[in-house]
Amino acid sequence: MAQFMTLPDAVAQNLKSGDTAAFEGFTHLIPHASAHEAIRQGIKDLTLVRMTPDVVYDQLIGVGAVRKLIFSYAGNPGVGLLRRLRDSVENGWPHKIEIEEHSHAAMANAYEAGAAGLPFAVLRGYKGAGLPSVNPNIRSVTCPFTGEELAAVPAIRPDVSFIHAQKADRKGNVLIEGIVGVQKEAVLAAKRSVVTVEEIVDELDAHPNACVLPGWAVTAISLVPGGAHPSYAHGYYSRDNASYIAWDKIAADRDTFLAWMKDNVLDAKPEDFADRIKHLRSAA
Amino acid sequence: MAQFMTLPDAVAQNLKSGDTAAFEGFTHLIPHASAHEAIRQGIKDLTLVRMTPDVVYDQLIGVGAVRKLIFSYAGNPGVGLLRRLRDSVENGWPHKIEIEEHSHAAMANAYEAGAAGLPFAVLRGYKGAGLPSVNPNIRSVTCPFTGEELAAVPAIRPDVSFIHAQKADRKGNVLIEGIVGVQKEAVLAAKRSVVTVEEIVDELDAHPNACVLPGWAVTAISLVPGGAHPSYAHGYYSRDNASYIAWDKIAADRDTFLAWMKDNVLDAKPEDFADRIKHLRSAA
Amino acid sequence: MSDNDFTSNEMMTIAASRALKNTDVCFVGIGAPSAACNIARLTHAPDVTLIYESGTIGTAPNVLPLSIGDGELCDTAVTTVSVPEMFRYWLQGGRVTVGFLGAAQIDRFGNINTTVIGDYDAPKTRLPGGGGAPEIASSCGEIFITLKQSRRAMVDKIDFFTSFGHGEGGDHRERLGITTKGPTLMVTDLAVWKPDPVTREFTVVSMHPGVTREMVQAECGWTVRFAEQLEETPAPTGIELKTLRDLNARTKAAHSGGKSGEAA
Amino acid sequence: MSDNDFTSNEMMTIAASRALKNTDVCFVGIGAPSAACNIARLTHAPDVTLIYESGTIGTAPNVLPLSIGDGELCDTAVTTVSVPEMFRYWLQGGRVTVGFLGAAQIDRFGNINTTVIGDYDAPKTRLPGGGGAPEIASSCGEIFITLKQSRRAMVDKIDFFTSFGHGEGGDHRERLGITTKGPTLMVTDLAVWKPDPVTREFTVVSMHPGVTREMVQAECGWTVRFAEQLEETPAPTGIELKTLRDLNARTKAAHSGGKSGEAA
């Protein structure tokens, strides 16, 4: 049953060094505030999972919190490469992270299999592609009816998944709307889950088939308005594209990066996110 | 791209004797009007697929339209057994149909695999159950990562699926709301699809994550208000429980059954459904 | 407390309802379980999560559904998901603590038949089939069963293994690689039964008020085992009875309403 | 008609846009394809269905998204599904007629690399990776590719097979059991290319106005084949150019708006 608590408590109780963790979000609703809190708490040695690691995973990698990354597209969408990730993979700064790379289709299926309690996912994929030769976790199964050989990948089962959502009701039922990505799957596939929300309401007032996580399927809920910034929360505030563009310069240099992290993450707190999205509310 | 046409045309153009057909609906939105039209057109030798064959499949079986039934629960929900199905299986009247029986979990996964373009579905199922010993289409696969043995069933790929939905817009986009069952999967798994709707509107006015079938994923749409009766259409009219209860008596006797079919199906037409749900609208 | 003015069916439903806890997530099988689960919700377990296989999660119907997919279930649910999602994410995902099943035929080890009476290929009676039961039986944390006793229903050998209980007893589940508990409770109109910790044979642990050992045996097709410490099931309380009767009255009114001029 | 006052990038986008039909269902890859697909929608193919991997089906954005998951895509979509559903029901389900991809590195057979420059384990440059591309390349009916020519991008041998085009050419796709057509069109800033019917090597079939064979070869790392019947790409029409420029202007205004006090 979902417990309401502060984000520092939710992170402290649900994430520890060495965990496999997913901070999921597909452009929309990326849980930046949770990841920043994890950085502040000095969590290390993480195996991070995400289909589309972007700026906030660049930050986690850059501060040395990450041992391994499982992913399918690592970029700053619409801007370019992830410079902290590159510095780690190409130059070993602050250390070289291990890479397990998949396609989007495989990752999406692997989350789906995790949510479904299966040990692996089946897809018609990777045909002629190079990843199977560098990723031993891409195998195959044979259809027992047609004989067709299909790709198989292990289910994703994080120790803990973090997501950001629009709202929760007082029983902890969570509503996710718009581009819902793989967040429902990430939560259901994980042993524990932390959801930050824009607001807590008396009634979700949701469409019967909306994407709702019942409170009993969630571990902790924290109220963090703006907690997705510079990503966005549909209906609340728009994507801060300028910040994504600016990140490219910040991340280009190690010292600039470290200074920015000190000012904006280490010396900041969850409540600061509310200010960061004030100017983006009108555009939502 | 969905074409709008009368139901007789939609059935004539998309269903022929010998086809594998699904008239899907999980209590809600069962496409009775389509099935009645198929009976009127004298379609025979069908392989019928449905998780929960109920009254309307009893009718199709009773008139001798069915060669084989693939299903997971065949009953008149809340009332009892299907007497025409029993008469066929137990006594061979009007002929003995072939049975391929699964569990709900297997059927749901098989539709899902069909929609996903896969040849088979994987589930943790049938453990200790008797069906694998009587259904050669229940096999197994071994997880290439954990070694766990899991059940496998062939994907369902009907020649044609019929569903009933609340509404379509003028581009043929279809909205299904409430208990959505496996209808989306049934349509996407099928080569062709026919959707009857309560109304055709300018704008669906749907929630972004509502269950919508884009017009280009549907073959034909027919306007048939009341077309789910005695099943229901959420927001339009309620379930005619009295009719379900009455069916038990009608189906108990061959002659009563045939007389009822003549009056209510053979001598009727799609437009008659609108009258049948008039008294149920207020309760919706 | 009640004054014992209740039917054996009422006793059965109420005794079954008491097994559900407020924190349970319960997959509600077709038929008898639905009343018991909703009485639990309307009495001691207001926050129990009821799931119907039609995709409705966290439903709180005001009247009992005739089918497992009545609109009332969706109207009152926290959310309604597709049927594939229901069976994949919610049931197979291991999120359901209790599966509540009825039975047409059952043996002493909680194996259930709702498929056929007689031979599968040439049945004497073709029953509806398993529906969700085969995987409810293996995926839910534990299984509660409720049915009205009769020698036709409680048999020495079932004709078909629709869903697996404890098989031949003992560690048969474990030997098949099933990690869930299986049947841990059976509530009939006469008694409450629990599996023996070793043999897993259903054993009467409590008889309903006024019921004798002979009455239990008379309506059971196998030789009944009784626990050494045999208790009497507490009679329905006034609140339990009123809640059940009100629910049944509301249900009857709702389902006979909307009278149809023509059937089906 | 236009007066030839256009850039090579504009020509590329417009030439690429012309390849989409009104009845196409197009999976829009990250980057360059997005502009081409939306110009198609805003000019000759108003009913083309655009799908982005974020789950948005039938989108009609008023400005180009910076990412593949901007809110604008959802606001204007017919429906927005989960990402697992997108890749299972819609892409793998075989419902997409055209996959439109960009490329960091490409060879003459339309094999694409967006993974690494250099060795996979010790790369010179770590690129973003494939995202949806490996299965877009195999599941869509056919593949259109658009990229700006350069010797760095168009190479004799790519460093990594992110997505499979025609492999080593000929019937390599068929030999791998891939039933879709693969790359059937490549539009660069200089020319339009189509695979040779037998060898599947990309061949220039049309050069953009003012472009010479030498210019095409100068920006390509392999020896370019030209079709015997070499045509000139029709210049952008006034409507095409105005549509593209208006879209770019709207996009620029939208993305520089909401200026942030602090980054990321």
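Each chain gets a letter, A, B, C and D, in the order it is written, and its residues are counted from 1.
Keep this in mind: contacts are C-beta pairs under 8 Å (C-beta built on N, C-alpha and C of every residue); 3 or more make two chains touch, one makes a residue touch a chain.
Keep in mind the model is a prediction, meaning the values are calculated, not measured.
**Student:** Touching both chain C and chain D: give me those chains, sorted by label.
**Tutor:** Both-contact set = A, B.
**Student:** Roughly how far is chain B from chain D, centre to centre by C-alpha average, rounded to an integer in Å?
**Tutor:** Roughly 41 Å separates the two chain centres.
**Student:** Distance from the CA centroid of chain A to that of chain D, rounded to the nearest Å?
**Tutor:** 27
**Student:** Which positions in chain D are in touch with at least two other chains?
**Tutor:** Within chain D, the residues that touch at least two other chains are 74, 80-81, 88, 92, 139.
**Student:** Out of chain A, which residues touch more than one other chain, so two or more?
**Tutor:** If we look for residues of chain A contacting two or more partner chains, we find 112, 117-118, 123-124, 148, 178, 180, 184-185, 208-211, 234.
**Student:** Chain contact graph: line, ring, star, complete or other?
**Tutor:** Shape = other; not a path, cycle, star or full graph.
**Student:** Of all possible chain pairs, which ones touch?
**Tutor:** Touch list across chains, by label: A-B, A-C, A-D, B-C, B-D.
**Student:** Write out the stretch or stretches of chain C touching chain A in their complex.
**Tutor:** Listed in rising order, the residues of chain C that touch chain A are 23, 25, 47, 49, 57-58, 74-75, 77-81, 88-89, 92-95, 139.
**Student:** Note which residues of chain C are touching chain B in the complex, please.
**Tutor:** Residues in contact with chain B: 30, 53-56, 65-71, 73-74, 80, 82-84, 86-88, 91-92, 115, 120-121, 123-135, 137-139, 160-164, 167, 172-173, 176-178, 255-264.
**Student:** Mind pulling up the chain A residues that touch chain D in the complex?
**Tutor:** 26-28, 51-52, 55, 59, 71-75, 77-79, 81-82, 85-86, 89-90, 101, 103-105, 108-109, 111-112, 123-131, 134, 148-149, 178-182, 184-185, 211, 230, 232, 234, 238-247, 250, 260, 264, 276, 279-280, 283-284
**Student:** If you look only at chain B, which of its residues touch chain D in the complex?
**Tutor:** Per the touch definition, chain B meets chain D at residues 1, 112, 115-118, 171, 173, 184-185, 188, 206, 208-210, 212, 214, 216-217.
**Student:** Under the touch definition given earlier, write down the residues of chain A that touch chain B in their complex.
**Tutor:** 117-120, 122-124, 137, 139-146, 148, 150, 152, 154, 177-178, 180, 207-211, 234
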